[in-house]
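Next, two complexes with chain A in common: one pairs it with chain B, the other with chain C.
Up next, the complex of A and B:
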């Protein structure tokens, strides 16, 4: 328990330091977030056109609109970009210096993740606000704070899930020379299976069983679905259960693989 | 006119010969990195396949949208793949380096050479492996045209090729202008992401967007000239007026970018000295 509290304290300190450091690049974050909402807006316009010209979708205009307006926010909030960097630290031997420090190398990556997201929020939320305002007449806004609270919980769980998946992929660098192809594959596969390209509700009928239960759904689509509607109370509970289950399972596997990797690690340059 | 060239034409010819050297060097270089060639090919194919998913899903719910059938949109995805492949081959490797050129002072070395610095910065590096995406784009285009039962005549093919050319020039001009902002902003790497994300709009016909956005995608971010108009030309429902408009816009855009470059260069004060 002591180690856990110590790690938490380290993460808190490092996050604060990172925020101070990263806020130098304020302009860059704004431009990054501008790029981040381009795709959801393009998809939003396309699917609204399809609906308006008589396409028979299984979801209505309000669902599609709410989905894509919130999508940019959720993909940002649950994203992780560290796999490539972590793999590089393992391969180049930067891990060595962390092994004699009183906290894990991963603490640094958690701090980096949290601090960048904190800064991105300031750039992204006003942009989402503007898009929301433009489409305010066809947004689904859940009554009461309950759904929003679940939305927040689900985003946190989703972020943890993406982060542990990234640890898993990066840990393969303990045994492989180059994991960049794997990282790229993860990004491409996840973009479709997480619902970041097309809402999973629009996936064909034959793929339903697989699409609804695979882990990537819980990284982006599920939190958005909580607000965009359609989920009944029991589906919500089951979904949250699945999400929590995936987080626990992936965290356990990541922990095992990471520990095995540390044992197999032979520092470069030592 | 420098003493190197007797006339303006000699200067252009010298640059064309230089570019041929760049290309030859890039081909030789690629043969040394065969794994890179293979991964580029594989990633390109997977991205092409996944990029077409929204289109296929969309046309699972309806037979046509604003007069566009599924086959025509597939042809358009093919043209999009050709255009993005060409940009990734000839333009992206250069404009992605713009920040380094300016912040590391590499531009100093370029300015000293007996070559147009803007030409050198925009076209020096070539990623030959990305040409595989142009090939797969041509394949998708042909599949789309066959499915749509279109057989364009030579005049229409000329129209389409010219339009793709103007689209490429226009998009390169926009991206260059965005990159040359580095003279004032220091770092422009994120601007490249904005450009690539906006490009995605080119996957869909122009009429799929609201009217205001259509204007934006025709004149401000002219991706319409690169994808929608060429496919409409192949379908035979586009006059030479649009082609002329595209050529005119391309000339104006090149002149404007030239101006931005000149103004930017005036503010450049080297990074190391």
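Up next, the complex of A and C:
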């Protein structure tokens, strides 16, 4: 059995077990997802009120509505909660019990993320469905399946990008006693630069070059823009190219830092 | 068939060394503030140029006081830690490379860390190992059945792990570690916290695994009963150095060259009558009971002399308790270490 197939089976088994373990806390998932969808809905109502009051924005009401209805889903789908857990496993020596087993350490992290997404989907999709139904007449809904397919691809790439950034930050725990400040800083910076708080289309003109090309745009805003916005074909291709490029660059850096970190691992505790 | 001792060792360590670098921080707010500006880094030598080899099928006890370097050694052998210097080959692999072919041939059980998922039955973890180690269904079923019977845990396989007792969990940990049939089993304090019954069960299981499967076992334990029950050979590590490597009997002879003798007579014995005995020390007379330590070489002559002191009711000759020997040994080294 080759390593890829073996690791795939391990991921499948671990994902199933993770789902079994975490479904115990089903109430927590619903609360998590309510919190996840509340902010986009509040933002949506604020921006729609602003537009109705005559605010001059570079985007119209349909863009704003589609953006915020999809935001909760995309934020959930591309998010990762792994950095904190992984950093703690490194710091407390819990990584050891996985390191002595013949499977990629990545398998556990991937499975954990997949199980999280699976459970969140159950809680989030019905909520988004309701919001979608309420605002269905004032949204940009692409006609053909092409945009939706690119939307799906872009979400997968966005999730991979967040995942590699998480591994990179967590890997610093091999040397630092506590990376929670870094994790928190990343959350705050990402919430602004990814478009999770304010659509990047509303950012000031002078910041355009930076905002459009920085990596966090490709974790949330870009997938949403594929559906909500009027990106031209070339903008779409360039965006996907950037997204893929960031995934490759961050994955390469994360791999280097991780490999160096494993050498410094002190396997604390018995 | 080639005799085991003619085969190359499964573990070969030469001048194995490990140092840790850490920063010191003084207690209190002042210490924390100073640490922010200027940190003092120190290097600690955890394992200091130790060399040894272990043959296939051996059961070896790794002993030493807390902080002696035995767990660090175990972690290097299992591939968790990189060595700072020295050569280390285990099953013809450099452990820290953590190659698949290496990891699938070893197992490490840490008494204070779990390999099992907590919120689901142990069978889920065993099935994960089936996939990780690429076991066929037939092989997996056979191993699970055999191990479950040896450990008497058939009824626990489908119970949530967090609902099992500490002793039951350790049995399940051992099962998870052995389901793929490793050639080498590293055990770090496997009986810590267990009651006497569970300890005895774990020991007899490990002895069975070694006997039936030929598994090489390297074990660290502070429980000398574990060591006496399982190990034909012990290695004592202290201050990172290998202080002793040999049979348990050799250790007793080296560390405590005297036999402990206890003679009980029908009537009380006068202490004066023992003054002429040669090769004895630590003589203690309490009524009809005489306790003393006799030189190993003169033990026979001492016994003979004791029989002449009066009508004997009971005579007991024993080696010093291994627990006492270890305590004396560690205390002696600690005192020497402090003095130097």
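To be clear about the criterion, the second predicted complex is superposed on the first by the 266 of 270 C-alpha atoms of A that agree within 3 Å, B and C clash if a C-alpha of one lies under 4 Å from a C-alpha of the other, contacts with A are read in each partner's own complex, and residues count from 1 in each chain.
The rule is simple: a contact is a pair of C-beta atoms (placed from the backbone, for glycine too) under 8 Å apart; a residue touches a chain by one contact, two chains touch by 3 or more.
Predicted model only: the values in this text are computed from it and were never measured.
**Q** Should the superposition on chain A be reported as showing a clash between chain B and chain C, or a fit?
**A** When both complexes are placed onto chain A, chain B and chain C end up side by side without any clash.
**Q** With both complexes superposed on chain A, which partner does A:35 reach: first (chain B), second (chain C), both or neither?
**A** A:35 sits against chain B, while chain C stays out of touch.
**Q** Once the structures are superposed on A, label A:207 by its partner contacts, choosing first (chain B), second (chain C), both or neither.
**A** A:207 sits against neither chain B nor chain C.
**Q** Just to be sure I read the superposition right, which of the two partners does A:99 touch: chain B = first, chain C = second, or both, or neither?
**A** After superposition on chain A, A:99 lies in contact with chain C alone.
**Q** Considering only the touch criterion stated at the top, classify A:54 as touching first (chain B), second (chain C), both, or neither.
**A** In the superposition, A:54 touches chain B alone.
**Q** With the two complexes overlaid on chain A, check the angle at chain A between chain B and chain C, Cα centres, nearest 10°.
**A** Here the answer is 90 degrees.
**Q** Name the contact category of A:266: first (chain B only), second (chain C only), both, or neither.
**A** In the superposition, A:266 contacts chain C only.
**Q** Based on the superposed arrangement, let me know which partner A:43 touches: chain B (first), chain C (second), both, or neither?
**A** So A:43 only meets chain B here.
**Q** Mind working out whether A:184 is in touch with chain B, chain C, both or neither, as first, second, both or neither?
**A** first
**Q** By how many Å are the closest C-alpha atoms of chain B and chain C apart after the superposition?
**A** 6
**Q** Considering the complex alone, what residue numbers of chain B touch chain A?
**A** So the residues of chain B in touch with chain A come to 39, 43, 46-47, 50, 53-54, 57-58, 60-62, 65-66, 185, 187, 189-191, 193-194, 196-198, 200-201, 204, 208-210, 213.
**Q** Name, in rising order, each residue of chain A that touches chain C in their complex.
**A** 1, 3, 6, 9-10, 12-14, 17, 20-21, 24, 93-94, 96-97, 99-103, 263, 265-267, 269-270
**Q** So in the complex, which bits of chain A are touching chain B?
**A** Against chain B, the touching part of chain A is residues 25, 27-28, 31-32, 34-36, 38-39, 42-43, 45-47, 49-50, 53-57, 181, 184-185, 188, 191-192, 197-198, 202-204.
**Q** Under the touch definition given earlier, write down the residues of chain C that touch chain A in their complex.
**A** Chain C residues touching chain A: 20, 71, 75, 78-82, 98, 100, 103-104, 106-108, 110-115, 117-120, 124-125, 127-129, 131-134, 188-189.
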